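You will see chain A twice below: alongside chain B first, and alongside chain C after that.
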Partner chain A sequence: MTGFQYADEQLSERELMIALPSFMIGVEALSMPREVASATTGLDGVFSVIAAGVVVAGLTWWTAKFVSKFPRESFLTYASRIVTKPIACILSLFFIFLFVAIAAYQVRSLADIGKIYLFDQTPIEVASLSFLLIIVYAVGGSRAGIMRINMLFIPFIIIFAFVVFFFNINWFEVKHVTPLFQTDINGYIKGLGRSIFFGGFIILWFYIAYVENPKDTPKMVTKGILIPLVLFTILYVGCIAAYSNVVTSNLIYPTIELAKMIEIPGGILERFDSIFFVIWIMAIFNTAAMAYDLAVLGIQMLLKRKGKKTIVLSIAPVVFFIAMLPRNLLEVSTFGEVTGYVSFYYSIAVLLLFVIIAKFRGVKGNG
Partner chain B sequence: MRWRSFLQRNNTKNNQAENFSIELVKDLNENIKNLENLLGKPDDLVVRKFRVRGTNHRCAIAYIEGLVDTQYIRNQVMSHIQLDEDLNQIPDQKQALFETLYEEIMSATAVKKKKTLDDLSKGILSGSTIFYLDGLAEVFVISSQGWEKRQIQEPVSETLIRGPREGFVENIRTNIVLIRRYIQDPNLRFETHKVGRRSKKNLVVSYVDGVIHPDIVQEVNRRLQTIDMDDAPETGFIEQWIEDSFLSPFPQMMNTERPDKVAASLLQGKVAILLDGTPFVLIAPTTLGNSLQSPEDYYERWTVGSLLRVLRYIAAFIAVFLPAVYVALVSFHPGMIPSDLAFSIAASREGVPFTPFVEALLMSGTMELLREAGARLPKTIGQTIGIVGGLVIGDAAVRAGVVSPIMVIVVALNAIASFSLPAYSIAIAFRIILFGILILSGILGLYGIILGYIMINIHIVNLKSIGVPYSTPYAPTFYRDWMDLFVRLPITVFTKRPKYMKPMDKSSANKGDH
Partner chain C sequence: MARRLLSCSFLVLTMIFLSGCWDENPIENFGFVIGSALDLGEDHSSETPSVTLTNQFAVPSGFTVPSQGGGGNQQAYKNLSVTGNSVFHMNRDMSKETSLTPIYDHLKLIVVSSELAQQEKMFSSVVDFFLRDHEMRRGIRIVVSESSAKSIFDIVPKYEKTPALYVNSIMKNNTKTIEVIPSVRTAKLHRDLLNKSSFVIPIVKVKGEEIKSEGGAIFNGPNNKMVGKLNAFETKGYNLIKGKINGGVINFQVDDQLMVYEIEDTSSKVKINPENPDQVKIDIKIEISGSVGEMFGHKTLINEDYQKEIKQKIEESIEELIMNVVSKAQQEWKVDIFGFDQKLKSSHSGKWRGMEGDWNAGKQLFTKSVINVSSQVTLEHIGSTDRTKDRGVK
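== the complex of A and B ==
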């Protein structure tokens, strides 16, 4: 007889599989085509995007494989066993800092993009604060709740990405795409570097501990990478095919501009870009809520005695403060780039460090 | 938590039963006087003293007029003791006579022997007849309930075009029979509780053993034990006492008047809670998806059922979001409206003194008033409200230039959509949320609406009904249960019970492939 369990502090592998793309798809997906297009010519950037996807898939699999050797152990526990407790604490502290930065970045850029496409009157502070309060409400609930919201929102996001692609097909022109393979190898690598920001596998360090039996986890999460990979690819192809490389690399948010071209048959609504962005708020919310939750989780791990609600409420001002620090769009974008790259390379560094030291010191997992 | 103790949710059953277990005495008159004193000498207490035929044994019956089927008492009790000719072997000894009466003479079917005044008063108040024999400190409590009952009628609150016309009534026995007739399974269980310190009403928890997950029954029973109030006039009291979250606008239990709906839910692995004195039966646990299902989806062919389902999901969205979206578009994002439509909206709004937000709030408020008035008025006058309301909000308000015609369309469409939802409780929940979303939209436009939508989602995924997430099977996702969610696939594919209920017996049909 199985127990009647909908345990709130446990995740199923499928939830984790959806959590990964939900974390990766956020604000970056809106500006990603510009970054990649500026480094490549024609449609060549798509190869960079796919290559980046493969690299990330590999890293995700490796991380998941490594972490699932320590089932039901928190990051601090297994990290302490590998690299002694003080170093583990420092590592987790930096993770917490990164998650706070990611959450702050999502909150801030939501307000910035919203000011362009949705609310030109509302002050950025009001927009970010209301969004932050919603996140606090979500994180204050159960962890499983956040995973369930991922499950509820991801279909909308996928559907709207495809709508944006397919409704633009009559704008696509072959001359925008050709000639292919004109980029030199440096351009490809640069493009790869710029599209690699979907380094969302950083969440695996913490969330796998909540999976009951992480046997199939590496396989499942790698499958999860398919969703952002396909999404980013079609969005990139859509932008280049409809706008050409040159125009794309000069638009601030090419993905939203792509949505702007859509004419809804029957003319029920105009300016599809606003609707698209409204839906994309759900994606941004997922990313931000998970980052916030992970920051809370990390702090909970370090200070065992504090209650969850206290931590959730006390880091809200910090997140808001950091979100308000950048003075203009340029600084926001730099802030985002830096957090993206740092979290990606930091995650790899931790992985390499752990793998090598675990081998050296002979630390074996129990899974 | 302070809140919970304020709401007395942590109480366990402490002094539920007023204890006056006074032993009976041997003297008949004394016993009857005690009973009269206990009940305060009511007018409707009938006491009839007589002798067992052909002996000197004095005896008496007592009952409350109107609660008892007197015909039954006369035929099954009195006539045997008073009229039977062949009562020749009456023993002289009191105790022996008592036994003989029980074993041979009385032909009433449900007879119990009781010894305390407490048992006796409970019995007489619930419609039993008491039989005293002088010289013994023991009585018979004869079940003889028979009061005026409402006939089984078509349920008023849930009408169907196609489907059974029977509805529950106020009598719990009849209701149990109705359920038993639907499910003739030996595993169908009815567990009785008594609720109400003073009302002592019968509350029955029904489920199908072997289908339902035992933890659900255990949890429901545990919560029912904590109930401590004077009276439970309606299952609504029970619902509010045992629901998971009292702050949520969503109903965490379904209520229905339809036995077919209850039977279907029991077979899905759910619990039904029946209460004496109300035709509304609670079904728990329930989820958001359940609230958007109607029995008719299954009675019609699957194409019709699926169309109705899709329609209902659209209706649910219209019921919550339409006025808010209109307000957001007109006052915050006029660029999103196609230019031709924008012109006609602008033209129709000419001369209207209020902002769209105030207009929407006024009209939705009026709609609520009309709905409430229509529900409260007697049926014969209820029609008038429709006409007056229609004239007032439909025509006069527009001509007077108070609201724009397009606002009338929006509010009317919104009201129709919310009335098309199958469960009144969820429709009302949506009306509450509507106002919240409307206010958010009035402050932040579309951004406010999406924030509201996210908030509703956060609330739903954290909400539970007897331990089952309210958002299942959307998330936690059970794709197999989606066959009966947004659409309703052909009946023949439903060979399994819903997975989200974690039933013990998983298959509901035997197709030879277990």
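== the complex of A and C ==
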């Protein structure tokens, strides 16, 4: 059987700009308000979220700036020039491992949330496997396909985040938002740490290589960060204003509960949350598919093999196995946290390492 | 060829396995719970008192308009009671008794009997299920019934399909008048329970064939039990402090004649000065605008002095209403039901941290606070006529 071949494997800058928010908006958006709220008081967490957005935007710009100095070069190529080949291989291996972990986490969380809210009889294994198979199908095709799905889904995700916010306005109360500025500095920092929402810029290490002329890329991807920043901010404000800080920090998935609270007058649509789930599963799918795709891309790069389908199919069991490792909800969320932090700090570490060594050894890009 | 056959048969086989649905559950097997009533059970042998859960299930065929000559009026609901120690458990038992699995996605109303609410720490335990379960929405209305909660579900409503929906629409429609306590929904209840603040839940009563919302049940936050009741008079004072009313009347006397003031809009401003925690100063300022709705006297109203007198009388009666409920809250129930604690927390959070545990409980600082009321009334208009009777008649 031969699959349908798209015309090219190139990414446009606009596609990369959309890929970044698509990768960032995943499962974390559903539980993020709880984690931030529990570290802060009142609405103060929103400053942490915005600060985290600014930090991530800065790092994104820096990473993009650095990588775009090596246009059309794969990670392995430019990394080898900077830190010699063996080290580059080890670095890529760890990247691959991270992407596999991210994909596994998204798959597992989706199955868990689905089991709580949508299908309580279906075993987690079955739900995960079906979701994973769809991801395998998407990744097995062309990369352009995944990017087009990103483009297609992101407007819906944005629209529904706004709908969730605005349809809850009648629940908002001023006394939920106050007292402002009562969090101590430690709380802000904790909140900032918890709202880092995945080091999404990690995807830039690999995807910029596919951009034809990455001159404007740093600017474009930094603009892309605006989408998750605005989205996370309104979801956070919505949760706090509708529920108050103390309730938000006690709800397991505040964003889902926020969607469940919507009452459309007239009873035409009593269960808005079902539509919200449909939309958010699309967001989770994008994140998982891209993480999977990046893992495949990394392996392809290391093995220098063109047989993409073999790689796609052979890492599927690994992803599934890792996804099934956590035994309960608590372990799943720890798994997610660890993956998030590690990918964030690893990406920063690699960036610093490359910038310093490139300067030291005088490695110059050709872009 | 053999390969083609193999792949074909594989596809057919997949089709068999993929077409199933684990959670397939025909809608006829679901019992849609629209109301839950919680009563104290009769069994007092164990340490935690037993609870009786009565669920009102919707019967979908009763909601449709009967076709001509059809079986007549079918009841649109069905009540089912189970007694046990945990709500979740009773829920399980309920599906054993009927062929239906209760699902709570469309639950509209929770009724708790005052008898159950007065038990120590029972209230938060029984509502836990309604806050925890994933099927629950956060806009469920909650009321306290004066008699048994079950009796609320037993009346035959005239204007609505089921008793639960009847109570729900009563609660929904009178939210902003001075006479009734605004309805409480689970999202707000959850907040108050977590904050350990005291709150008021509307009381419903059965009156013949009708249900009436009258007064409120006062819950002590730290103890989490019902400690008293607001009567109709106190309810007015409570609502005035809470503000945001746009309907209702205030009766007062001018020259021994009854006069009715119709409220159109109110706003209340609460200023708290916690300089001295043992004597917190609370100033309540209320502004009301409204009109004269009815008068028994015959004096002309188009007279500045007389209007001034009327305004003063209204102000007096408003202040009386408020002071009455405030002093009762301080002396009898000893709980802050007006949300002063939230106000303190948001505008004096530094001080609040020191007195948090002593406001409703401990040293009971609320009962020692000094509360002042002032009001300002504006008379917007006097109706479409000045007088309706001549002074000759008496």
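The rule is short, and it goes like this: the second predicted complex is superposed on the first by the 357 of 367 C-alpha atoms of A that agree within 3 Å, B and C clash if a C-alpha of one lies under 4 Å from a C-alpha of the other, contacts with A are read in each partner's own complex, and residues count from 1 in each chain.
Definition applied: a residue touches a chain if its C-beta (ideal position, glycine included) is under 8 Å from a C-beta of that chain, and two chains touch if they have at least 3 such contacts.
Computed from a predicted structure; not experimentally measured.
Engineer: Once the structures are superposed on A, label A:E13 by its partner contacts, choosing first (chain B), second (chain C), both or neither.
Structural biologist: neither
Engineer: Tell me which of chain B and chain C touches more residues of chain A.
Structural biologist: Residues of chain A touched, chain B against chain C: more for B.
Engineer: Pick one for A:T122: touches chain B only (first), chain C only (second), both, or neither.
Structural biologist: A:T122 sits against chain B and chain C alike.
Engineer: After lining up the shared chain so the two structures overlap, which partner does A:Y243 touch, if you call chain B first and chain C second: first, second, both or neither?
Structural biologist: Only chain C; A:Y243 stays clear of chain B.
Engineer: Contacts for A:Y137 in the overlay, against chain B (first) and chain C (second): which applies, first, second, both or neither?
Structural biologist: So A:Y137 only meets chain B here.
Engineer: Contacts for A:D44 in the overlay, against chain B (first) and chain C (second): which applies, first, second, both or neither?
Structural biologist: The answer is neither, since A:D44 touches no partner chain.
Engineer: Applying the document's definition of touch, where does A:R271 land relative to chain B and chain C: first, second, both, or neither?
Structural biologist: both
Engineer: Overlap of the chain B and chain C footprints on chain A, residue-wise?
Structural biologist: 118-119, 122, 270-271
Engineer: Help me check something: in the complex, which residues belonging to chain C touch chain A?
Structural biologist: So the residues of chain C touching chain A come out as 22-23, 105-106, 134, 137-139, 187, 190-191, 194-195, 339, 342-343, 345-347, 349.
Engineer: Under the touch definition given earlier, write down the residues of chain A that touch chain C in their complex.
Structural biologist: Residues of chain A touching chain C: 41-42, 116-123, 126, 171, 175-176, 178-179, 182, 242-244, 246-247, 250, 257, 260-261, 263, 270-271.
Engineer: Where on chain B does chain A make contact in their complex?
Structural biologist: 213-216, 332-333, 335-340, 444-447, 449-451, 454-455, 457-458, 461-462, 464, 467-469, 471-472, 474-477, 502, 504
Engineer: Quick one: in the complex, what on chain A touches chain B?
Structural biologist: That would be residues 1-4, 6, 12, 14-15, 114, 118-119, 122, 127, 130-131, 134, 137-138, 141-142, 144-153, 267-271, 274-275, 278-279, 281-282, 285 of chain A.
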